[in-house]
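I have a structure here, written as structure tokens, and I will follow up with some questions on it.
Read from first to last, the chains carry the letters A, B, C, D and E; within each, the first residue is number 1.
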Amino acid sequence: MDTDHILQFNGVVGGYGKMTILNGTTASIRRGKITTVIGPNGAGKSTMFKAIFGLLPLRSGRILFEGRDVTGHTPRRMLDAGVCYVPQGRNIFPELSVRHNLELGGVALKDPSGLPDRVAAMLKRFPILAEKASSQASTLSGGQQKLLEVARGLLLDPKLILIDEPSIGLSPLMVQEVFGILKGLRDSGVSILLIEQNAKQALQMSDYGLVLELGQTRIEDTAASILADPRIAQLFLGGGLQPAS
Amino acid sequence: MAEILQLVIAGLATGAIYALAAIGFTLLWQTSQTINFAQGEFVMLPAFFALVAMNWFGWPFWLSCLVAILVSVLLLGMVFKVIVVDPMLKQGVLPLVISTIALGLLLREGAKDFYSAEAQPFPYIFPDRQVSVLGVQLSLSQIGVLLIALAVIAALQLFLSRTRTGRQMQATAQNPTVARILGVPVERMILYTFIINAALAAMASLLISPIYLAKFSNGEHLGLAAFVAAIVGGFNQVRGAIAGGLLVGVIDNLAAAYVSTGYRQSVPLILLVLFILFRPQGLLGRREERAV
Amino acid sequence: MTSVLDVKNLSRAFGGLQAVRDVSFEVQEGEILGIIGPNGSGKSTLFNCILGQLVPDEGEVRVDGQVVTGLRPSELNRRGVSRTFQLLQVFPQLSVRENLILAGQEHRGSRLRRLFGPRDAGLTPDANRMIDFFRLGHLAEEKAGGLSYGQQKLLDAAMAFMAGPRLVLLDEPAGGVNLTMLASLKERLQAINAETRATFVVIEHNMEFVMSLCTRILVLAEGRLIAAGTPGEIRSNPDVIEAYLGH
Amino acid sequence: MSRSALRWSLGLVLLGLVLVFVPVNLTDYGLPYPGLKRYGTYIMTLWLVTAVAAMGVNLIVGYSGQETLAQAAFLGIGAYTTALLTKAGIPFGLAFAASGLLAFVVGILLGIPALRVQKHYLAFVTLAFAVMAWLVFRNEQWLTGGVMGLSGIKRPVVFGINTRPFLTFYWFVLAVTAILTFCMWWMLRSPWGRAFTALRENPVRAESLGIDVRLYKLLTFAIGSAYGGFAGALYAPLVEFIDPSPFALSQSFLYLLMVVVGGAGSFLGPFVGAAIAVLLPEWLRFTETYYLLIYAFLVMLLMAFCPGGIVALVLRLKAALLPKAGKVQP
Amino acid sequence: ELSGGGATVGNNWKNGVELAAAEVNAAGGILGKKVEIPAVDTQTNPGVARAAIQRALDDKPVAILGPIYSGSVKASMQLTADAEVPQIMGGEAGDLTAQGSKYIFRTSFGQNISMPKLANYLRDGEKAKSVAVVFVNNDFGKGGRDAIIKELNSRNIKVAADLSTEAGQADFAADVIKLKSANADAIFIYLNEEESARFLREAKKQGLNKPMIGETTLLGQKVIDLAGDAANGVKGHVGLTVDAPIPAVQEFGRKFQAKYNYKPDHNGLKGYISVYMVKAAAEKAGKLDPKAIAAALHGMTITPDKVPGILMEASWDNTGEIDRISFLAEVKDGKQVITQTLPKLKN
């Protein structure tokens, strides 16, 4: 068994209807590291996550988790195997309170007795959420909703976290906070696969980077060397966005 | 005065039955966005199950009632969910609504064609005796109905708000995709609501049929009453459905006594429209605001 | 210079929560104004109050000197004010091109004329130009609901430009958008601004984007305006660093 | 003219000819086609009338994404208006216009309050309205004849031609339906149609794009209801007798059902749906009383496997049979 | 009326018709021709009824048997008149025969005949000075109510209450309370079967102990079955009943029961008779021609000794109105008991 890599993608092909999005994607994600996926809009990054989590039927190819074939497993089986997923966009239960939303993050816990403590710890970590613990989640601001989702996704003890653009809508301070948590998790041995458009900041805290374009892996390298590559800066990191002073 | 009191109590008893139907209705709405236009038929039918058990198989009344509830849970709960709702959940609300309209038609016609087109007498569950309480004549049957309905509702409310399963059912209701991602067994949760709905409907059926007589067309009135109760009470609230049911029951009875007969059917409907216009969140509901 | 948008003492509460407190500011014609602030500081609520999506509890909004408080969003839009949304808001079952035509059609002729006029209200060329710019060409006939998050975000922005607006309110246009695309978006906004003197108000958490795009920035915290100034001033304002930027 | 446009117009002309001649007995002209008799023609006419009402429902439900459970009530409004006016000696043309107009105005009055509420509540408001309208038809005997109904409704004289003979009346209804269909088609293909779809898809976004959501919602609801009124105006002289029962709530459900069965949001849907609703009882006559049962069952089956209705089913079959179209999945 | 609200009534009629048709065919048919009687459902909807009759007329029948609900008859009688086909129907609304159609024939009393008989009974039998009227708000109930009130007024009997109820109404608590306070000498009940039963149950529950009087329906077997004890003591006028003390009628009841396994109501009888009306008239006219049959029925009297299937002697006048003996009855111990036989109006 490959102990270095927690997740492997072998020639995965899949898409929606007659559109093929993942075009023989191949990649290996390291255990205990943060890997950031970057790429243009529509490259298939979110689709890749859906494929891992069993939300997208594949046409061919295999996905291995800890060396075992998990292609076509249901979300529940992936959760039980130790993978959790925080999707892109707005994914809350609008009419439940913030606290109840959080608690639902622990549904898949094997031993639910520890749940209240975890929820409490999470609320402590994000005081904005604590303030609104008993409000209906739909009344949160856009950023607060995203934060709630991220917090909910971190309630379990997964081996691998899939997290799709957590920084959208978060203030810079909050982005730092979330990235800090991710680093903390990594340090305690959790593997993290992250999609970010906020690529510079994300790569700066990552160990590895993965560039996806047109559903294929372009570059797989350490984060540092991707950041240093001028070609990549030009193509994917928005070379034109220099602050005017 | 005694007359009004009698009317109110009779209204509460029927209202409690409406509430049972209304709760099931809101539950289905919550978990699977099913506006069940067959809800009235769900209340009509179980009485026929009991009749079949009694008249065809000759079973005793209590056993027949039990059988009716079980068969309802099986047919109107599980089979309905698996055969009608499941294939349509992903197709959006309208096809499902249409399907339930068709199902209502199917059950109505089915009861008529396979049992009888005619009303059937149905035994009282409680002795139909009068007792005099503080000078007011009350019927034992009405009190019994009221108590049963309220007890069932209270238990359900506790289940939904206090237990993990209840919470997961609510989560499923609001966002099944995300619920699935978090590991909620969405299918099972939805199935539970259908089972609960069927059981509630069966109970309502056994309670109402002695008064209405069992007839295939009873569903029309009952369904309407359940919708009105659900909306008046607040569409997404179990508590509200009780208040709505009781209110509709009482108003119904008072209207029958004091409003021109030609238009008395319209009184609950006017109530409905007023609520929709001025208090769309319902009697006990909270106002939902959406942020953009 | 005339002020295109004039907000005076705007306040809005939700229950006990004061989301926007007594906010006043003016935007001059041709300005690109940034609004930043922590999550939940009331930025989106402020937009919603200006645009008639929410009714403010107090205060007044003027566009081109005319009071518009209480007007409905469609009315404002027809006066040349358009917007984008923080959360995705497209017409999922319509194609990308139809989305764009829809975004422009209410500005073409009277309602009755449109009933008897051409099917696309003559907007196909404009829509195609917009599609090209946002690099959605291969997706023009796709249903908008099938686009990726960032693509929908871009479509949302494109829709706001279809009617050739005078004032555009953008709520986090950069969220989820690829950095390279973002750079072109910035250039485009600046070009439109230079050409037509259209005015922009932008809510954003992406500091590089805001700082390089905007000429002036407002900072909101807990519903209150706590600072205003040029990007340079804001970046060095200790209150802002404390409440928002971190380091 | 492009080739596809040519094909379309040819098809239309052909369809028109078929519809015009379908009930005619051609044996006198040497063709072996006996035509439809009085009853068959009556059914064809009823189909057209039903289709007009269903078109209105389709506009409301299929295109603008609202809900109506009151179409039968609007049919009733139209039918009673026409019956009363023509009995009072007012020419049919005026009565017809008045029927549509009245339904339109009532639609607006009903729509204004209903607009304040969330989506599904509109269904319940219309449901309440449908019951109340029915109660009025029943109870206001001085006006509507109450449960006894109104009889002796005359068929109109158009351009000097009396439409009393069943064939003439069929042609008359066919012409009116054609005109109403054209108007609907024109409106839906204009930018208005796109705005209607916008209401269905995302009203919040639509509003921010300058689309007056309230106005358009009202318009679609009122126009859809006016089609109900027009259908009623044709129904009254068709049956020559009206009473409240065809305008009851359960009938409104059937209109909704037929539109979705045909294909909500597709232009031909209402015609197909109406055909099924009107003709199925004929086809299933051998099943005697079971036909409603069978109808309901078929509807459920259809919804489960093809929620887009029969029109979508046909398209799907076509795609399956013509392999070049490829595989299309949702 | 095989489906919809009138399903009970329609099925009784249809079975009666089919029973008679089978007998007639077994005996060689009418004028040597077998009769064929296809059934068409009106769905208890006048519009559909009209279409159904139209379809039936396309097949060029000798006669149309039905419909039973007055509304359906009204919607279709113009058609039969135009087609010159006799329509033998079950409607009881008073004005059906007053429309001048030469092709409409009754099988039972119209309300214009039964109500005077009832009013007489209320005056002479019950000696009532005031009467409360409860009726169902449909064509049947409203017609009856209008007729009885006219008759009561002309006999100087006070109408103490005039209560309209809905067709299909389930809960009669409020109505009974109102009736209690009206305090009339007798209550006249003119409701459909099920509503009658619900009403009687509620009345018993609330101890409403006034004489309850009704027309044929109220004393029908269905009401008695549904209401149970509560039906005992109800009295009224009955136009047609299988409990009539006439052997032929009782024999019909047995045959019907044997074939369909339930006890027919008066609609079963009406359907049965309608077939024999056609037979008798066709034989009188000597040919199977619709126009001739209609002409023959006018002014005809059919007696059971000539046509046993007619069960009781009956005559039709020039408007299609029927005349026949009728009965007063009372429900005792869950059974309808005939207490008196009323003679034909004219002889």
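Just so it is clear, contacts are C-beta pairs under 8 Å (C-beta built on N, C-alpha and C of every residue); 3 or more make two chains touch, one makes a residue touch a chain.
The structure displayed is predicted, hence computed values, not measured ones.
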For chain E, the least number of touch steps when starting out from chain C: 2
Most widely separated chain from chain A, with each centre as the mean of CA atoms: E
Between the pairs D-E and C-D, the one where more C-beta pairs touch: C-D
Whole-Å separation of chain centres (CA-atom averages), chain B against chain E: 38
Where chain B and chain D are represented by their mean Cα positions, the distance between them in whole Å: 33
Separation of mean Cα positions, chain B and chain A [Å, integer]: 44
Distance from the mean Cα position of chain C to that of chain A, given in whole angstrom: 28
Multi-chain contact sites of chain C, meaning residues that touch two or more partners: 14, 44, 53, 85-87, 89
For chain D, residues that touch 2 or more chains besides their own: 138-139, 204, 289, 292, 330
Sequence positions of chain E contacting 2 or more other chains: 3, 137
Residues of chain C touching chain A in the complex: 14, 36-41, 43-45, 86-88, 139, 146-151, 153-154, 172, 175-184, 186-187, 205-209, 211-212, 231-232, 243-246
Contact set on chain B toward chain E in their complex: 3, 6-7, 10, 14, 109, 112, 117-121, 128, 130, 139, 211-213, 215, 217-218, 220-221, 252-254, 256-257, 261-262, 264-265
Contact footprint of chain D on chain B as seen in their complex: 35, 37, 83-84, 87-88, 90-92, 94-96, 98-99, 101-103, 105-106, 109-110, 112-113, 220, 224, 227, 231, 235, 262-263, 265-266, 269-270, 272-273, 276-277, 280, 292
List of chain B residues in touch with chain A within their complex: 164, 167-168, 170-171, 174-175, 177-185, 236, 286, 288-291
Parts of chain D lying in touch with chain E, wherever the complex brings them together: 37-40, 42-43, 46, 138-139, 146-149, 151-152, 235, 239-243, 245-246, 288-289, 292
